[in-house]
Amino acid sequence: MKKAAIIGLCLVLMWGTTGMAMAKTLNLGTLSPLTGPYAQDGTDIKQGVQTAVEVFGPVEGFDKVEVMPGDSACDGGKATMAANKLINSGANVVIGAYCSSATEPAQIPLMEAKIVMITPASTNERLTQKGYKYFFRMPPRDDVQAWSTVQFLEKKLQAKTVALIDDKQTYTAGLAANIKRFAEENNLVKIAAHEHITPGDSDFTAVLTKIKSINPDAVYMSVYQPEGSKMIQQVRKLGLTSAFITEDAVYHPKFLEVGGPAAEGVYLTFAKAPDTPERQEFEKTYKEMWKVDSVGSYAYYAYDAAMMVLAAIKKCGTFDADTLEKTLRENTWQGVTGEIKFDDKGDRKLAHIVWIVKDNKFVSYWDPLTGKDL
Amino acid sequence: MDLTALLLQQMVNAIFLGSIYALIALGYTMVYGIIELINFAHGELFTAGAFIGVIVLSALQQAGWVESHFVLTLIIVFGLAMAYVAVLGVAVEHVAYKPLRNSSRLSALLSALGMSIFLSNGMMLSQGVSDRAYPQVFGLQAIEILGARITKGQIFIILLAIALMVALQLFVHRTRLGKAMRATAQNRTMARMLGIDIDQTIRITFMIGPALGAAAGVMVGLFYGAVRFDMGFIFMIKAFAAAILGGIGSIPGAMLGGLIIGVIEVGWAAFLPSAWKDVTTFTVLILVLYLKPSGLLGESVSEVRV
Amino acid sequence: MAELVLQNVSKRFGGLLAVNKLDLEVPAGRILSLIGPNGAGKTTVFNMITGVYPPSSGTIRYKGHQLNHLRSNRIIAQGIARTFQNIRLFKSMTVLENVQVGLHCRTKSGAVRALLKTPFENREETEIIAKSLKLLEFMGLIEHRNDYASNLPYGEQRRLEIARALATQPDILLLDEPAAGMNPRETADLMDLILKLRDTGLTIFLVEHDMKLVMGISEIVTVLDYGQKIAEGTPREIQQNEKVIEAYLGTAAKAPN
Amino acid sequence: MVRQELQKLAVYAFFLAILLIPMLGFRSASFEPDRALKIWGVFVGILILNFIVKAVRGGRAAVEAHKEPWTERTRERISRIPRLYTIGGLALLAAVYPLMANNYMIDVGITCLIYVSLGLGLNIVVGLCGLLDLGYIAFYAVGAYTYSLLNLTFGVSFWAALPMGVVLGMVCGCIIGYPTLKMRGDYLAIVTLGFGEIVRLVLNNWDSLTAGPNGLFGMKRPTLYYPSFADGGFSWVAYYLKSLPALYYLILIIVVLTIVGVRRLDNSRIGRAWIAIREDETAAELSGVPTTWNKLLAYALGAAFASVAGAFFAAKLSYTNPNFFLFMESCIVLCIVVLGGVGSIPGIVVAGFVLIAVPEIFRGLENYRMLAFGAIMTIMMVVKPEGLIPASRRKRELHATDPHPHEESDGRDR
């Protein structure tokens, strides 16, 4: 440590003598929707990264670490603009974006500029299938999550019939399609209905009544949190008795707050998050820093991504994309969302576990990898 | 669930949704009737009503009033929400529409659109981007009739909606102010000559229409359980469609239009591919306007005067 | 030969019979006036001729072609032009452009030609401008060619409306109360203009209240009352017709003010 | 007088307090009045300032009344600069812009230009023909998806797909135009809004064709072909316009062509017919203008321009998604047209840059951006409803086309 400090000092002095004495800054760019309907999750991502920078402290070789927030607005055009802005203002690593439909076009300029990009939220499979070397993904892909869900339906719930509800957005429709695919492949679970709702809508009674008349063993609710919270209340009011399973976009404290007693007994798939001291530490710091009562789910991934990047840069000493990419890929990192290890495509080997809402809390329930209760 | 129960349940769903659309549509229709302007900010006024509702209701819930004075709590919640939005409606009219009363339709429409964006973002900044939970004072229990379930909250909301609509009809037809409103809607110049204070009448319209929207906002919150700054948009489009379907400017038309849009939506989602629900709503709207351009109950446009 | 023939034409608005079984012939090259008390259905006759709405029954023929269900622009293209009781100019367009619009039905260039600016379009546009300027010269409006129509004084707006109607190169010109709101001097000018137009071979069909104008220039006068034709003849005959005097005096006597 | 004003001030302040304090004070169940009071204070401050300005000006009003407002003066000053210099200067600036700007600025420039070309297209429908269209973005989507699908399934190049997109856009324009021909302005607004939503929903729901909400990815960039004489033979080599400056020049050319096109239409027989329809539809019909046909034409041509912009957008991003074509986008394009000044080409160019680039500059303010956007729109309409640069009709010099009138002219020649 001391040695490194001396070397660092020497370096600074050297630059100083050659007249290039400027503060060396490490720029962490973020891309997330800071405006529009997804601004909550987008802000969580930005704040997660900022928390990480605060917690990690100084990085050797750099005088300071700066976070450059970029607003993708969940829109392709704006996302590329924001990505180009980050490139031009000297971002060294970019964490983002949120919506797959913003991540996909933003990938192009960032990959061309050779900047490592880590998404804390986008799960569309196509993102990592294009052979981009510098692209990494923190959350599990759609198909991984769908696989976990189907395992749960088959093995734990032993459901024979399932109804799917999605709101026809990139993420939610992708999940539903994958569940349908897995279910059709092994033929144990029958898809009894596949219904769609409109994002932003409030009334889902028609579709839910339709499902009630079919009376499936389970219903998979592939929506975002706002619709999910409203839907689950209508489910209870209509007296629908099927088991309800939903995904990580609903895993949000707001779901408990809005859903209240109606949310009890809902199953959710979400990354396995070991209850480590680091995690508690993070939650505490985050709540203090941003004066909030709860931590949004994407803040965890964003925090982990930033912490991992900072650790990797510390390890390899540079943000050069080729070196950084190798370092990220070849090592195993520990984060608040569990162990981080990337495959050659940039996906994490991370499985979801099933959670249940119990006494207005998310409680871990079942592990699809082991098939055991938790 | 047998077929009767299913049909009955869907009917309940449709009537419930339809009466909310109808209440919002009334605001559009009244304003349009009187100043021939689509009040784009109406959706935001509706959302503002829902927010005031949740603010008041949460405060009263904390004070324990929901248990002790249930009816009084509801009266206060609806009353304050409607009063607040009535003031907001007049303010919007004063700032954004009044100066434009004699300029082109397009500028008035753009001004309304700007107001809508402003209010929506103002609410986002003041009330946060995520949704706010509405205290569920009616609980989740439901009454079962022939296999169809209807909650106490739903019954209350439908009855209240009907009561408000009846009250509006009485107001418009029986009171001096209401008659002045109708006269102004028919012919503004003539009304002015008869000594009706046009500004006053327009102001009243901008109080009543948005206040009804605010009531609908509180109803939406009470039943669906959450409000969010951008929820006005979808309701706005549907209510807008309802108002035009029924014949814009016609109060019974707005009620009928609201119900029809509710039935179409629920009916389509219930028995046909639900992804195409909104496509159907808009297609029906376009067809109705094509076949009967004045809407279902609208006065047919009189022969062109040259 | 009669150019424009109305046979047994009626128009009903809901319960109101605005025009009742009207027979009318407008001979070529003449000045014909349609007069009658307010609400007698004069403008309705014009509206039916120009296709604003179709007659409820009866036929309207022009040079042997039936006009009943043609769209207005087709009727105009056949050679019937009209002006309006309350002036309807294109206010944000210049005087020249107002006249140019009148030439629309006599020209052919479409959007593609306009986009590519083909020689044909160029030639036609030059022609349109030349013709329009000539017409403005004729109407004494050339000085105002670049003014916005809304900025013209009242009398000139009337003239511009006639100029726009003339630009459609009609054989018959329908003038709906052209002297309304004019002072005696302006009316005298208008009479000169109408006579001058007639001399070029144009048929003029007038709806007018100003009796001095009507009696001064008309060759045939038709009188309508409650949608029915009550008299027809030369100005002199009309002035002495009992029924006409009764219709006018009767309504005048009944009118409260 | 002063007392009246003061009274008014007090009433406003009171109502503002009623409006602001509940909304701003209760973010959660507890009451936090600080923020509410601060913002209320700002508003009241503005009101008081306004009052003072009025009071001070009151005395001077009589003196200043005859003075022209500054906008008039600036416009006059600008109009004194020869047009050639203005246009030439702007063209030069536009041409050298990518050489001076970084990629981000170029990207913003491209986005501005896309919106300018959309605004110009909508200008035909709203500005010239006076038909209120709230679903214009649908044609943009049609262009984007036509290119994407043709390129991904059949490998059709950008240039070949462009005319097909234009034709399809025009067909869609007529489909939406036809049922709306008889409708009044406000009904038109809701029908076009509905149509715009229908197009987006169809794109979102027709999974087998459009990949639904997944969007389409991997379209080729537009190409330029240049001859190659390598290996002794002759062949055309494709050069992909991949870099942002190249794409910038492409959209710049599209915009310039659009401006030329719209200008030519504006000054043509068709353009005059449109304005006549906008001013008075019945009078236009009775002056021999086939209104139905011309309205359809306006829809079709407006759609064609949007379709070109859409194809470019898809090619530039190499990605499309139904979510790019929300109602809000239609609103923004409409705002460009109206804020710029209905029917005014320079106005639309300026408004396009103001509405797209200025919010980009203030991106740091994030959420306040849209708040200001809404407020400015309303204020603008109240204060200056004719737009930034109001349209003015073309003036003719007499000597250019002297008709040589002669005495016996009868005014009607055939």
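Order of writing sets the labels: A, B, C and D. Residues in every chain begin at 1.
Convention: contacts are C-beta pairs under 8 Å (C-beta built on N, C-alpha and C of every residue); 3 or more make two chains touch, one makes a residue touch a chain.
Remember, predicted model here, so these are calculated numbers, not experimental data.
Ranking every chain by how far its Cα centroid lies from the centroid of chain B, the top place goes to C.
Comparing chain pairs A-B and A-D, the larger number of C-beta contacts belongs to A-B.
Separating the CA-averaged centres of chain A and chain D is a span of 36 Å. Averaging Cα coordinates per chain places chain B and chain C 49 Å apart. Between the CA-based centres of chain B and chain D the separation comes to 31 Å, rounded to the whole angstrom. Residue numbers of chain A whose C-beta contacts span two or more other chains: 39, 168, 196. In chain B, the residues that touch at least two other chains are 124, 128, 233, 275, 278, 304, 306.
The set of chain D residues touching two or more other chains comprises 205, 282, 286, 367, 370. For chain D in complex with chain B, the touching residues are 15, 18-19, 22-24, 26-27, 29, 126, 132, 179, 182-187, 189-191, 193-195, 197-198, 201-202, 205, 282, 286, 327, 331, 334-335, 338-339, 342, 367-368, 370-371, 373-382, 385. Taken together, the chain A residues at the contact with chain D in this complex read 34-35, 39, 71, 74-77, 80-82, 84-85, 87-89, 99, 101, 104-105, 108-109, 124, 126, 168-170, 172-174, 196.
Residue ranges of chain B in contact with chain A, taken from their complex: 1, 6, 9-10, 13-14, 16-17, 124, 128-134, 136, 140, 142, 144, 149, 151, 154, 220, 224-226, 228, 230-231, 233-235, 265-267, 269-271, 273-275, 277-278. By the touch criterion given at the top, residues 261, 264-265, 268-273, 275-276, 279-280, 282-292, 297, 301, 391, 393-396, 398, 401-403, 405, 409-414 of chain D touch chain C in their complex. Within the complex formed with chain A, the residues of chain D that make contact are 102-108, 111, 114, 204-205, 212-215, 217, 244, 313, 317-321, 323-324, 360, 363, 366-367, 369-370.
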